[in-house]
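Next come two complexes built around chain A: one with chain B, the other with chain C.
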Partner chain A sequence: MIAAGSTIAVVLAIVVLVPLAPGWEAVQRSFFNGEVFAATFPGLLNAFMLDVAIFLWCAPAIALLGLLIALCRDVRSPALFPLRMFGALYTDIFRGLPVILVIYLVGFGVPGLGLPRPWNSPYIWGSLALILVYAAYVAEVIRSGIDSIHQSQRSAAASLGLSEGDTMRFVVLPQAVRNVAPANMNLFIALQKDVALLSFIGPVEIFRQAGVYKSLMANFTPYVGAALIFLAITIPATRYADYLLHKQRRRQR
Partner chain B sequence: MRLLATTGAVLCMTATGALADAHGQCAADKTLEDGVLTIATGNPAFYPWVLNDAPESGQGFEAAVAYAIAAEMGFEADAVTWVRTSFDEAIQPGPKNFDFNMQQYSITPEREQMVDFSLPYYTSAMAVLTTEAVVEAGAEPTLDSLRGLLWGADANTTAVPMLTEIVGPERNPMLYGDNVDVTAAMQAGQIDAALFDLPTALYLSAVVVEGGTILGQFPPDRSENPDQFGLLMEEGNPLRDCVNAAITTLTESGRLAEIEAEWLQGATGVPVIQ
Partner chain C sequence: MRGKLELTNVWKSFGDHQVCRGVDLSVGAGQMVCLIGASGSGKSTLLRCMNLLEPIDEGAIHLDGQDISEPGLDPQPIRTRIGIVFQSYNLFPHMTAAQNVMLAPRRVLGKTPAEMAGPVEALFARFGLADRMDHYPDQLSGGQQQRVAIIRALAMSPEIMLFDEITSALDPELVGEVLDVLRQLRHEGMTMVLATHEMSFARELADTVCFLDGGRIIEQGPPEAIFAAPREARTRAFLERVL
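Presenting the complex of A and B:
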C-alpha cells in the first residue's frame, strides 16, 4: 500500500513537473513527435528484422567458440600447454578491445586484403567480429562455471574409470553450463544491443535506419522508436534471466 | 567641376556608410554575442568546402562564402568566430552555440519543420563516385547499368532518398557514418559506387580513393528537388532576414558565382547520366 502510494507520487511528479520545464515543448517536438513516430515506426520495425537475423546466426557460433576457448583454458596435460596459452591470450585480447574497434578492423581490414565477392561482405566479417569478442566473454563465464565444480567430482569420476574427456563431458560440463546459464543470458542480451554496431560498416539495421530518418527529418523521434523496439525484446529477456537466477538459487539452497 | 566631384565622392561615401550602417543595424542585438558573428562548421570540415580544416583562413568555398556574407552583414573578418558541431548537435532542441551553421545542409521541407534555413547559396549536381575496376567491369553512365551496381552512401545526407528515387538500385544500399567510411568500403570492394554532391565526389575521386573516378552526374536541373545548400539556424532565429538579404545581394551582384568559380571545379567533362 505504501509502495503503491509512493510510486504514484513519483510518477505524478514526473508527469506534472517535466512539462513545466521551459524547453519541454522543443524537446517534445524533437524527441516525441507523434507524426514522425507514425511515419518511421514501420520502417524501423522492418530494419529490426536484420538485427534479429544477425543475432540468430551469431549466437550459436558464439556459444560454440566460447565453449572451445573455455575448454582450451582448462586442459591439464603439459603437452597441450600451448592451447592453454592460446586460450588465455585470446580472452585477454578480445575482452580488452572495444567491440566497435574490432568491427572496424575486421569489417574493413580483412576485405581490404582483396577478397572477391561475396566473401568480402560486411555481414560476414562484421558478424565474425561480434563472434570473436562475445566468445571471449562467454568463454570466461563458462570457465568460471567449470571452476565451480569441486575437484572431488573429477576424482570420483576418475575412480569410476571415466577418462578425462568423458569426465569433462558427462560430469563437469553439464553442471557447469547450468550454473552459469543466467550469466550467459545476460551476455546474449548485451549482444542483442551490440548488433546495432554493425551499422558502422554498412548494413542498414535499425540504428542506421533511425539515423537516416533523423537526418532527413532533423528529428530525433526515430531514435526513441528504435529504443522502444529494443526494450520490447530486452526487458522480457532480462526478466527471464532474473527468473533463471532465482530458480537456480532456490535449487542450491 | 572639382567641387562636384568632391560632393559626389562625399555623397557616395555617406551612402556606403549608410548602407553598412543599415546592415550593421539589421544584425544588431540578434547575434549570440554583440558585434561578433559565430559560424559553425563540421568537425572536420572537408575539402573543397573548407581548405585544410581551417575556416578562419577564408579558403575553400564555404569559408569564402561565410566571410562574404559576414561582410555584407557588417561584420569585419576579425569579428567572425568559428565553432564546430556535428549534424546532431545542429538539430538538437535548445539554445545553439552558433548564429548559423554551414556544412552543406540540403534544404528540405521535412527539415524545415524543425530548424530554419537561409536562402540557398549553392545548388549541387549529384555525382556517381566509383573505381576504375568497376568501370572496366562494364559499368556505364546509364540508369540501367547503375541499377545493377552495389551502392553506398553517407547516411546523414539527402543522397539516400535520391538514390532510391533516381537510381532505384536492385540491391539495398549500404549506408555509412561519413565520407571516410564510404571510401573505406569502396576500397575494400564492398560497394561499387556511391552518390555524393559533385564537388565532394570530384575531391574523393582525385585524392582519397585509389583508382577512383566519376562515372557521371545528375545535373541539378534534372531532379525535381535539386540539392540546394542553405545555412542552418535555430528555428525562429531573427537573424535569418539579415542573412537572406546578404545572400540575395551576393547572388544579384554575381559575387557568389565568382566565389563558386574560384573554389569549385566546373562540372564540365563529367558525363551526364541518361
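Presenting the complex of A and C:
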C-alpha cells in the first residue's frame, strides 16, 4: 500500500517534471520521436529475427561444447591428464579475453585467409567466436554443478558396480545440470545481447540496422526502438531465471 | 576352514591418521558378523575397504580365495558381488525408487526393463514398498528410503551385503522396519557384515560380534560371550556405556 503510494508519487513527479526540464524538447525529438519510431520499428523487428537465428544456432553448439569442456576438466584418470589440462587452458583463455576481440580475431581473421565462398562468411566465423567464448563460461558453470554433487553419490554408484562413465552420465550430470540451470539461463541471456557484437564484422542484425536508420534519419530513436526489443526479451527471461533459482533454493531447504 | 570373505592384517590410513591397524576377520558363508565400537573406531572404513571403495595400504582381502585387494585389479566385477548400504541412504534424488533400483542391473548386468520388471516388483513387495515404486526419494520417509537402498543393493544379487550403521540416521520409530528387513535377509541365509550401534539386534542375530577400538579388533566371539562375559577391559567399558 505504502509502496504503491510512493511509486505513484514518483511516477507522477517524473511525468510532470521531466518535460519541464530545459532541453527536453531536443531530447524528445532526438530519442523519442514518434514518427521515426513508427517508420523504423518494423524494419528493426525484421532485423532482430537475424539475432534470434544466430542465437538459435549458437546456443545448442555452446551447450554441447561447454559440456565437453566441463567433462574434460573432471577426468580423474592420470593417463587423461592432457585432456584435463586442455580444459583448464581453454576456459582460462576464453574467459580471459574480451568477446569483441575474439569476434574480430576469428570473424575477420579466418575469412581473411582467403577461404572460398561460402566458407568465408562472417556468419560462420562470427558465430564460432561466440560459441568459443560462451562455451568457456558454460563449462565453468557445469563444472561447479558437478563439484556440487556430494561424493557419497559417486560412492553409491561405484558400490553398485557402475563404471565412471555411467556414474557421470546417469548419476552426477543429471543432478549437476539441473542445479546450475538458472546460472546457465543467465549466460544465455547475456549471449542474446552479445549477438549484437557480430554487427561489427558484417551481419546486418538489429544493432547494425538501427545504425543504418540513425544515419538515414539523423535521429537516435531507432536505437531506443532496438533497446525496447532487447528488453522485451531479456527482462522476462531474467525474471524466469530468478524464478528458477528461487524454486531451487526452496527445494534444497 | 577359509571364510567367504577373509581379511588379513588390513591397514588403512588417511594421511597421518591410521584408521585400520592390522585387522584380521573371517566371514563365513551365510554368517552375520556385527562390528561394534565407538564412532571413529574404524568400522565404516573397514566396510568401505571390503567393498573396494577405499584401497587398503597393507594386508589382503580374499573373496572366495581370490585376492581382491591387489592393486590394479578392476574393482567393478567385485563390487557387483558385494553390496553395501550406507548410513545416509545415498539414493539418487532425481530418480524414482524403481529407477534407483534398476539403474545398475540395466547398465552393469545388461538386463532389459522387461526382464527386471517382475523381480524388482517382487523385491519391493517383499519389503513392503510395492506402492512406493514410483515415488521420488524426497517423497519417502527415512525408513522407506533406507529400505529402497537395501533393495537397490539386493537387485544386483550380491553374495555378501555390508551395512554401514544403516539405522543411525533414522528416527527411533523407523528403526524397527529397517531391522525387520535385516532379520528377513538373515533368515534367507545372506552373508552379512554390519557396523551397528543396535546392540540388542546384534545380540539377537549375529553369529560373531567384533569389538573395534582404535582401528583394531580387540575382541571377537559369539554374542553371548561378548555381551555377557567380555574378556577385555575396553570391551566392558564400551558395553557399560552403551547398554
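Here is the rule we use: the second predicted complex is superposed on the first by the 253 of 253 C-alpha atoms of A that agree within 3 Å, B and C clash if a C-alpha of one lies under 4 Å from a C-alpha of the other, contacts with A are read in each partner's own complex, and residues count from 1 in each chain.
In the analysis below, contacts are C-beta pairs under 8 Å (C-beta built on N, C-alpha and C of every residue); 3 or more make two chains touch, one makes a residue touch a chain.
None of these values were measured; they are calculated from a predicted model.
J.: Considering only the touch criterion stated at the top, classify A:161 as touching first (chain B), second (chain C), both, or neither.
T.: second
J.: With the two complexes superposed on chain A, say which partner A:219 touches: chain B (first), chain C (second), both, or neither.
T.: In the superposition, A:219 touches chain B alone.
J.: Which of the two partners, first being chain B and second being chain C, lies in contact with A:201: first, second, both, or neither?
T.: Only chain B; A:201 stays clear of chain C.
J.: State whether chain B or chain C is in contact with more residues of chain A in the superposed arrangement.
T.: After superposing on chain A, more of chain A is contacted by B.
J.: Quick one: is A:30 in contact with chain B, with chain C, with both, or with neither? Answer first, second, both or neither.
T.: A:30: touches chain B, not chain C.
J.: For A:175, decide between first (touching chain B), second (touching chain C), both and neither.
T.: Only chain C; A:175 stays clear of chain B.
J.: Is A:153 touching the first partner chain B, the second partner chain C, both, or neither of them?
T.: Only chain C; A:153 stays clear of chain B.
J.: Touch check for A:43: first (chain B), second (chain C), both, or neither?
T.: A:43: touches no partner chain.
J.: Do any residues of chain A touch both chain B and chain C, and if so, which are they?
T.: none
J.: Quick one: which bits of chain C touch chain A in the complex? Just the residue numbers, please.
T.: 48, 51, 53, 75-77, 79-80, 83-84, 86, 88, 90-94, 103-104, 107-108, 152-153, 156
J.: Spell out the part of chain A that touches chain B in their complex, as residue ranges.
T.: So the residues of chain A in touch with chain B come to 23, 26-27, 29-31, 108, 111-112, 114-117, 120-122, 199-204, 208, 211-212, 214-220.
J.: List the residues on chain A that touch chain C in their complex, please.
T.: 152-153, 155-163, 166, 170-171, 174-175, 178
J.: Using the touch rule from the top, collect the residues of chain B that touch chain A in their complex.
T.: 87-88, 91-94, 108, 110-111, 113-115, 152, 155-158, 160-161, 172-177, 181, 184-185, 187-191
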